[in-house]
Amino acid sequence: MTPTPHLFPPPGPPSRRTVLRWGALGGTGVALGPLSACAGPTGAPGPGTLTLGLNRSLVSLDNKLNQFDAAVTVQRAVRQALTWIGPDLQPQLVLADRFEMTAPTAWSVRLREGVRYSDGSPVTVEDVDTALRMYGEVNGSFLLGLFPEMPTVEATGERTFLLRTERPVPVLDRLMANIHITPAKANRPEELQSGLGSGPYRVVSANGGAGEYTLARNTEYWGKQPPVDKVRVRFVPEESSRVIALRSGELDVVDTLTPDSAEQLAGLPGVAVQETPGVRICQLFYNFRKPKGHPLADARVRHALTYAIDGESLIRDVLIDSAEAAEGVVPLALQGAVRTGTYAYDPRRAKALLKSLDAEDLRITIMWESGEFAGDTSVMEAVIDMLKDVGVRASLRQFEPGGDILKWRQGRGGDWDVIGNGFPGTTGQALTSLQGMYGGTAEKERTRDTYMGYVIPRIERQLSDAATETDAAERDKKLAALQHAVWDTWPSLWAFAPKTLLARRDRVQGLALQPVNSYDLTAVRLEG
Amino acid sequence: MSTAVGTRRPSAVTARDLARATATRQRRGARFKLWAGAVCTALVVLPVALAGLLPLPGANAQDLSRRRLPPLSEGHLFGTDQLGRDLLSRILHGGQVSLTVGVLAVLVSGLIGIAAGSAAGFFGGWVDALVSRFLEAQLALPLLMMLLLVVALFGPSVTVITCVIAVAQWPEVARLTRSLVLVEREKPYVAAARVLGLRSWSVLVRHVIPNVVRPASLVVLLLLAQAVLLESALSFLGAGPQRPFATWGRIISDGQDYITTSWWLVTLPGLVIVVLVVGVNLLGDGLRDRTRTGSRARLRKGA
Amino acid sequence: MPTYLARRIGQSLLTVFLTLTTVFLLVRLAPGDPASAYAAPSATSADLARIREQFGLDEPLFVQYGYFVRDLFTGDLGTSYSFHSPALDVVLDRMPYTITLAVSAIAVTTLVAVPLGVWMARRADTRRELGANVLTIAGQSMPDFWTGVMLLTVFAVLVPVLPASGFTSWSGLVLPTVTVAVLQLALISRLVRREMSTALASSYVTVARSRGVSESALTWRYALANSSVPLVTALGTRFAALLNGVVVVEVVFGWPGVGSLVVRALETRDYPLIQATVLVTATLAILVQLLVDLAYPLLDPRVRLGKAA
């Protein structure tokens, strides 16, 4: 019997298996090909590279829409404005070397000699003019809300021009710090995805979709060259991942830390935590659209409820000393803010007052959007517990980002009593925050454009009076009186100003964190 | 040879051989899975069910001065969370929500799945085409994203989340039921029922479905395990029932911010989920193994 | 074969289109407003109205749908609200990351689960097999976000050897891959075990063994090759599911893939971006399914497409 080595036919025509094998190989290659360029051999930053870990995605290096604290730090390294707000919240000159008020509605500005973009072309008056118009045409811009009106440019020479407004805008020099200048030709009324800037860095690679950028020194920079060669910006959405990455040295700087992360990082070898008083105020703001006769429409009830909140314990245990209880209606770090009073904790008094005001069996709903401020859910859960102790039953309503909290804020979604809300102080001026929160008028209320329905005509009159006052000392006096008046209306159940927190590796030096939660990237050095 | 007394077996197969036989080993494996599964499941389900009776602090009772105590601290077996609430109590009370959602979701998905699957299998034609298209579309969809969308659409209540999970799970039941019904409808009793003049509907509902419910229900436990996981994933992504309901996913996502300092906030609730899901999976597996070996044994006996 | 292909592709296109329509309606019916997510908190109602107009959201729903369908046929999926660039480009930029994670997870799953399944089939019903079985079940029973966080704690905090997030180096791929693979091991290994048990018990294997074919050849060349159809189906289905974005794992590891993009798009109610994501992922998933079906005749010459289906 002859051996039959192959009971089964030998692997038939080559096609089937060969096709399979090559197909599998090819598929893997196609899948992995595009990425081999994306990933380097190691994750650790190089010796001359500073890596920043942002918790929000930096969609673009233009700030027309994308304006949040840490973003400004990076955007400003590429594009500059006429002025910037210095560490003491005073305006300092950047692209301009003169910025003076020559009349209540006119400012004389001169561009600095020799300022130029990274391609060597000069910054011109036309660029400023175009920039102002483009910012003015963007829908939904945060900046537009800061400007009572957009100034117009009137060129008076090759480097000089006048900025004119209809009514006096005494803080125009500070506001102009937000208008970043880019060549007129390339500017458009939308967020620019690319383009030139006059800043100390230029963009080497950008992936707006993933929020990743690499910046390198601008060799054409008109000023002093920055000490750090390269800056990498990464988007790391999970707070815990940012903490871990900073610990391991993957990231050099993480900004806008939550109190818990700061606590975890404090004291670790090789890591330093920096803090400064913040300009943002976080409030448990009352709903001012309550009908007459509702307990919360009565300032005395609003006041009585504030005694239920143990602010000291919230700050110490929940916010882990990363915030200061508000002692005014805006954070004291703001220019022009004054102390107006403090929130006291006295549950017995709260009970007694509520009883005397016939508001004993009050039930309230507190709403907020996830991530409105650091530690938001813990604060809210602690607050309902405190309210329960004075006999007020509170329920929570948490909105996920993108949900319809706006509709609710405007009073169109449903009834609520207290909202957890943060209000930024981008300009460093008390005035802008006060206008944003307490400048509501009956006319604005018709379109529900007031801050939680806060419409008190007497306050609004005082505000617009102060806003157009060109004499600085007089303006401060008027603002102080106004803040006391606002405090007496008891707009918040409780409020606090979170400190601005940032953690960095020890090798990062010279980082001067500002209250507006950004810093000057050109001053940062890397050591070791 | 003929000395066989009652004690000796009339066969060369010794007891040892029997113990090593595949069938025995399979039975032993199934029994082990059933036991281990039952123990793990009971370990979680019983305390969760009895959470109200156990001498525990309230799930929402805060004590800000006793925040983030490690496990085995005085009065807190599992330690406390960031607001000084007892973690064990929160896990057990949260488990009531998570388990309720899971059980209800499985019931609903079972009903939808059996109805759709048996209709598709029994009637064929356009009903089958329609159901099959739905099954295919669901495979292609980014499932979790659709679930997040639907939760956003109807609001994060227990009812909505239950329905959403049920919708995510019905294809599995439907596919299984459909294949079972395809086999069943060719059997003589169906033809007999038709000959007797029963309408298709009554044949399906009164004769076919009762015959497929038992095998189809075997997947129920496996689905329950998936439902618990899915619910916790939704809570983790922020689409859980409104606060202050503590669900497992939310306890973990809240605790995630503290992993470098307070490991127990994430580890312990996660372990509880794992123990439960392992238990349920083992139970389901064991049951399936047992029916399989059981039916094979029956077949052999019948032959 | 060509008619089969044409029919399959036609059906798939229809599925994708219906899916897109569903998503189109769902996102617009869901509460939340793209304009208010887009604008600054200080925006006035007039601002919001202008933004809605800019996005074309002021039109009636059916008009919007008409534009959507028209643009769809020209390959235009609109401009992402939050990225200010074509939505399709944003998704395609992220796709390589998701594909990489999916490929690596499937590769690891296959490399571990297939030998494991074979081993389990040959050691069927022993204590060790039971132990391996219980272990894979445990892997399947872990919530992926929890596994992820635990792995992070161990390998990025306690023993910091691997990066915590993102994809800046190949080592960043390790933890997400392991997290995803652990979940699927049970499914695949048990499938292999079941198929192999059946195959090894079948008569052709007995005959081959009696002919002196070596055990390893029996196992790998004959039995496994004959189990490949269900295996490839299962792997293909898992792969398609992974392409839809492993949302949770991507969120935990800050993986810049489609899954984390979806979460972001939902938060900002970025309708064009949501639609583009669904289009791309659904198309890919269906394509993978189609490829799997087309591979059947290659794996098993007895299968003739179009006849059995």
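Just a few scattered comments:
Letters A, B and C mark the chains as written, and numbering starts fresh at 1 in each.
By definition in this document, a residue touches a chain if its C-beta (ideal position, glycine included) is under 8 Å from a C-beta of that chain, and two chains touch if they have at least 3 such contacts.
Just so we're clear, the structure is a prediction, and the values are computed from it rather than from any experiment.
At the far end from subunit B, in terms of centres built from Cα atoms, lies A. Contact count check for A-B and A-C (C-beta pairs in contact): higher for A-C. Distance from per-chain Cα centroids to the pooled protein Cα centroid is smallest for C.
Centroid to centroid, with C-alpha atoms defining each point, subunit B and subunit C lie 23 Å apart. Once the centre of each chain is set as its mean CA position, subunit A and subunit B turn out to be 45 Å apart.
Subunit A and subunit C have centres, each the mean of its CA atoms, that are 35 Å apart. Residues of subunit C in contact with at least two other chains: 31-32, 149, 152, 157, 251, 266.
Multi-chain contact residues of subunit B, defined as those touching 2 or more other chains: 152, 256, 259-260.
Shown for subunit A are the residues in touch with two or more other chains, namely 238, 240, 244, 247, 400, 402-403. Listing the residues of subunit A that touch subunit B in their complex gives 238-240, 243-244, 247, 258, 260-261, 263-264, 313, 317-318, 370, 377-378, 380-382, 384-385, 396-398, 400, 402-403. Per the touch definition, subunit A reaches subunit C in the complex via residues 4, 7-8, 12, 16, 19-20, 23, 28, 31-32, 34-35, 38-43, 57, 59-60, 65, 67, 139-145, 190-191, 193, 207-212, 234-238, 240-242, 244-245, 247-248, 250, 400-404, 406-407, 410, 423, 436, 444, 447-449.
Against subunit B, the residues of subunit C that register as touching in their complex are 11, 15-16, 18-19, 23, 26-27, 29-32, 124-126, 130, 133-134, 137-138, 140-146, 149-150, 152-153, 157, 237, 240-241, 244-245, 247-248, 251, 258-259, 262-263, 266, 274, 277-278, 281-282, 285-286, 289.
Residues 22, 25-26, 29, 32-33, 36, 133, 136-137, 139-146, 148-150, 152-153, 155, 225, 229, 232-233, 236-237, 249, 252-253, 256, 259-260, 263, 266-267, 270, 273-274, 277-278, 281-282, 285 of subunit B are the ones touching subunit C in the complex. If you check the complex, the residues on subunit B that touch subunit A are 60, 62, 64-65, 67, 82-84, 152, 238-239, 242-244, 254, 256-261.
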